[in-house]
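Let me begin by presenting the structure, written as structure tokens, before commenting on it.
All chains are identified by letter, namely A, B, C and D, in their written order; residue positions are counted from 1 within each chain.
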């Protein structure tokens, strides 16, 4: 098990979907950051289930309690403990999956690896664990704000419905203007429509979240192994249901020749060093170069579908299983604050690590 | 700087392109593995420059010296030091890039981050560093062989030229049958042709390496942060020129509905638990499920092109720069052993980590 | 801040003396250990204040809540969250030390390092943090029991009052037979008397805890830096008020010549390899050799004394300060379960790490 | 195996006593430090065998080669590889210990743990490994010099011969004035005499090194687990033959009452916060307080003695064994540069870690 992420700004998460709750300890957050419980709660509210008809109706207030590390409104340099009690966990019956291996879930692999598992709601493998990340990400964001860094993620694709333009052509202030969290209103409506249709067919659909970080100073990223994009990729691939990560030109950069792909340096009117194009996605040699950082994260369709599926139980017997209860037909809208949080965490860690660059 | 990769099977690399050489220390390799220098040398020979007319003619014998950790043909559990002296480093003039920031290279970011850099041949940011990874990967492979794991990577795309079928339809024994390292001979020829045309135009071209691991036992991968695919993604994104990583259905999985994407479990004739499809790419909940693991890694076109480009020098002055010397028009063929090595290293680490699963 | 200890069996503690509580997350505990809340509570009860007239009368029930990681009585391989709410924290007035730097406390150094601190009861620097370690140590002990390892610490010295014989001559079952936790009843009484006299003089007194681990298998310890005794030393020196650590012959071994100090190997009646003497303290080359491990830990007298002392406040002004409230005149009796816990944690970690010794 | 030490200023050592050589990779050294090969060589020359008639006559030039990370006289922020070739390794016959378990050596434990070992000269368990630490420590010292920190260790005890005064009463400039490295000339002579007598009796003798660090700024040390003294203790206990560590008042502090032991704060003439006594050894709450740091390290007598001893071989048979070749009758004089080096490394690491204290 590895439930710690980060080198200097480090989080350790714990908790299961249907145990007492979900928590996180942040170790290494510098002292002197002004952090209010309300800041953390606001981030959690964006991830909370039941926000619109596009997400699961599971009811969780997701009230965060600060257990340590914040005193009189400021971080003290000591570990910050945050805990979110589960409320809705007792009311459902999970006996139908106690012995079943749900297709494309983690039931089989956890059982094989550990010999036992908390099967209720997926236990530790549930995406409910990401609530802890979102809470921690809200603290990291406070450090980023001090450095003028702004992270904005949005839904850029649901199934085959795609935003037709790049992030530079969008008004990222519109992300929260609709329940899909897509800043291209027209596309957002088509996405919402697809999600509703999918839900009504008792099916699920995947998509892509695009992440953007503006104002990142030059110099973040730790070659050769902890290049900035390698840490971002690791962070994103650690989120439930993620199948791919690309930054800058990504997979489509393969189609360009070097003479097309290279980003020429120039000085702008303010005498700042900039690049004319940004196929590099703001990162060169694994280190931020001061341009916008952008990347894309692929989410598969949620594995829990309300249709009968054939599978095996833990005796190796073939069974037919249908999802019960309340599930997201599409996780993309709720994935946005998670991508934000993980981006915040990586950048906060890299800000601290960069303090050792020079003697 | 972070030059260490892995948790229990850990490598630390060092060395610059034009310094004394490139090295690696492997810490945590279990005792009792039979390792010959020839095994390591064979891996290095696959990565070595000058293998065919598709790669750089830079001449490096890449002879490895074992500095420690192997005694009488076996690993002893002590750290294994490997060193590859640079031979060709003194003969060239790099003064034209001493003060220049080559487009899409790491010159600018290293200079800003560290205040100074070894500019000769890119110094530490050169892909020559990957020789150390390949050497270490050959040792990791010995551990994998003990467990019946086999890693095979190949070039599946160069520019727009793609292998038209999935890895399951290919004979992976053909990878070494041509200098492109593409096991689909017909496509390999078209790729070679594209690389030669690109080289003759003094340009460069990117591509995709597909990685495949067969025989991986159930249970590798450490949720929640070190999911097997997150470690693989981190490893691949730490390789020079990589822009994206996807596994299983990857970005194209976004287009499927949950009912199409889910992999149903069944028992095969040998009474083994298997899945009918493998959109999961052999990994569920971040843990290997015993099916084939497969993934794709996007490489951008090499940044060094033998054409004049506009850029800045470290005084902020606009200059025109053209690559000199001997460079790869396409790194894909030489990237294959690097992807193999990083896959070996991740799997070896995960094999050791999985030893703590159960009491 | 570094609030994580251990490599594979890792704990992260959090919480302040007078905040909501003290907690710990154990990451890496193998699945399948039978752990009852009562096991953890029993360990905490040994460390709890107010056990006898020799310790602080602060009232803390120290009730532990399991937040995650244990399901149906067994560990699941997921992180184990434990939390102990503070009960007695609100009732006292700490304004007299808000701006004062108590002599030989951490007030000054925390203030300088972090720019602010939770001054109530010492905040994070309070020994109350060790409750979290004791809770975690009780879980580690379950793993040790599986391997037949038994850890027993006891008070071997208070001030100048010393147990006159070595651990081998003692019945370690008597440790809990008196409130001092000294298995030599006669000496225990003299220690108790010294502690009471010291308390009545409003002073404090230090001492030594001797730790013993029996049944440790050959092979634990990870040279060259994580030698078993180096990890034990690190663990002990991380406990509040500890000033020194020695193992085996320790500082007194300096007085022996090599010909006297060396431990000759022989085979005993049961054909086991043993040593005739054990100046090595059960560890050779940093690795356990199967003999008893024993070590000594020096604790300074508690810094809080109920006498007026001259010191400075955070304005640099000279002030006179006297301890208030309820404090331990001697921490030694309550230090015993903490030394036990840290020993358990080190050995559990080393047991897991040793699983990677051989291929 | 754990051959890495440090968190941000990290070293990884490799190499065996009679293999090709001993090396180290320093990762995390900030860029911009002026480092000459001569600086490193000077430190190695202090540790080198054969310096006087008090040490082993083994002949090793211990010439260091810089493999990477230093360019044009400055560190570049990339990993620094250093290598020292063994010269004297081939000339001796070690067949007498190939199958023998030397008393109080690591032969038995290495064999049991790893199943095999390089037996020549102790292989990895030889103190020759510390050459790598000394080389790395010389680089760390460059960082300390920038911050005005000065580390001075000396031999304060050999057998029963002790320096009669504390470090404050000594002129530490005299450390190098005699081959014992004891700055109290009279005692140094008595120590030298004892060492020669011991050597002539074919025996060995232990002793104590006292370490002193002056000029350490307030704020180094990372509670709760990586307290400054816990890291120092870990570092010292990782050196061959070390049996104990104490700092400040150490084990003798146990004999003081709190009212005697506490260090009162005051302002000196220069308006600096100071303490009137320094039983704390310059560290409070695990964090440096600006006063001198001092500690003591106990070394056992060297295990190799040139006298016959009874022991076992790897078949479990009783044999008689006598040390052959050239060995130190007392390691203390050569231990001084090793204690210096480990102190430098801990302080350099803590300097970098302290950069994250505040937002």
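Before moving on, here are some points about what is shown:
Going forward, a residue touches a chain if its C-beta (ideal position, glycine included) is under 8 Å from a C-beta of that chain, and two chains touch if they have at least 3 such contacts.
What you are looking at is a predicted structure, and each value in this text was computed from that prediction instead of being measured.
Think of each touching pair as a link: the shortest run of links from chain B to chain C has 1 of them. Averaging Cα atoms per chain gives one point for each, and the point farthest from that of chain C is the centre of B. Distance between chain centres (mean CA atoms), chain A to chain D: 46 Å. A straight line joining the Cα centres of chain B and chain D is 39 Å long. The geometric centre of chain C is 26 Å away from that of chain D, both derived from CA atoms. Multi-chain contact residues of chain C (touching two or more other chains) are listed as 1-4, 13, 28, 31-32, 77, 113-115, 124, 357-358.
Partner chain C is touched in their complex by these residues of chain B: 8, 28, 30-33, 75, 77, 142-143, 146, 352, 355-359. Contact residues on chain D toward chain B in their complex (touch as defined above): 1-4, 10, 12-16, 19-21, 23, 25, 27-28, 31-32, 65-69, 71-72, 74, 76-81, 83, 113-118, 123-124.
The touching residues of chain D, counted against chain C in their complex, run 1-5, 7, 13, 101, 103-106, 108-110, 112-115, 124-125, 129, 157, 159-160, 198, 201, 203-208, 218-219, 221-227, 229-231, 233-234, 237-238, 243-251, 253-259, 261-267, 271, 273, 275, 279-281, 284-289, 296, 298-305, 307, 309-312, 316, 318, 353-354, 357-358.
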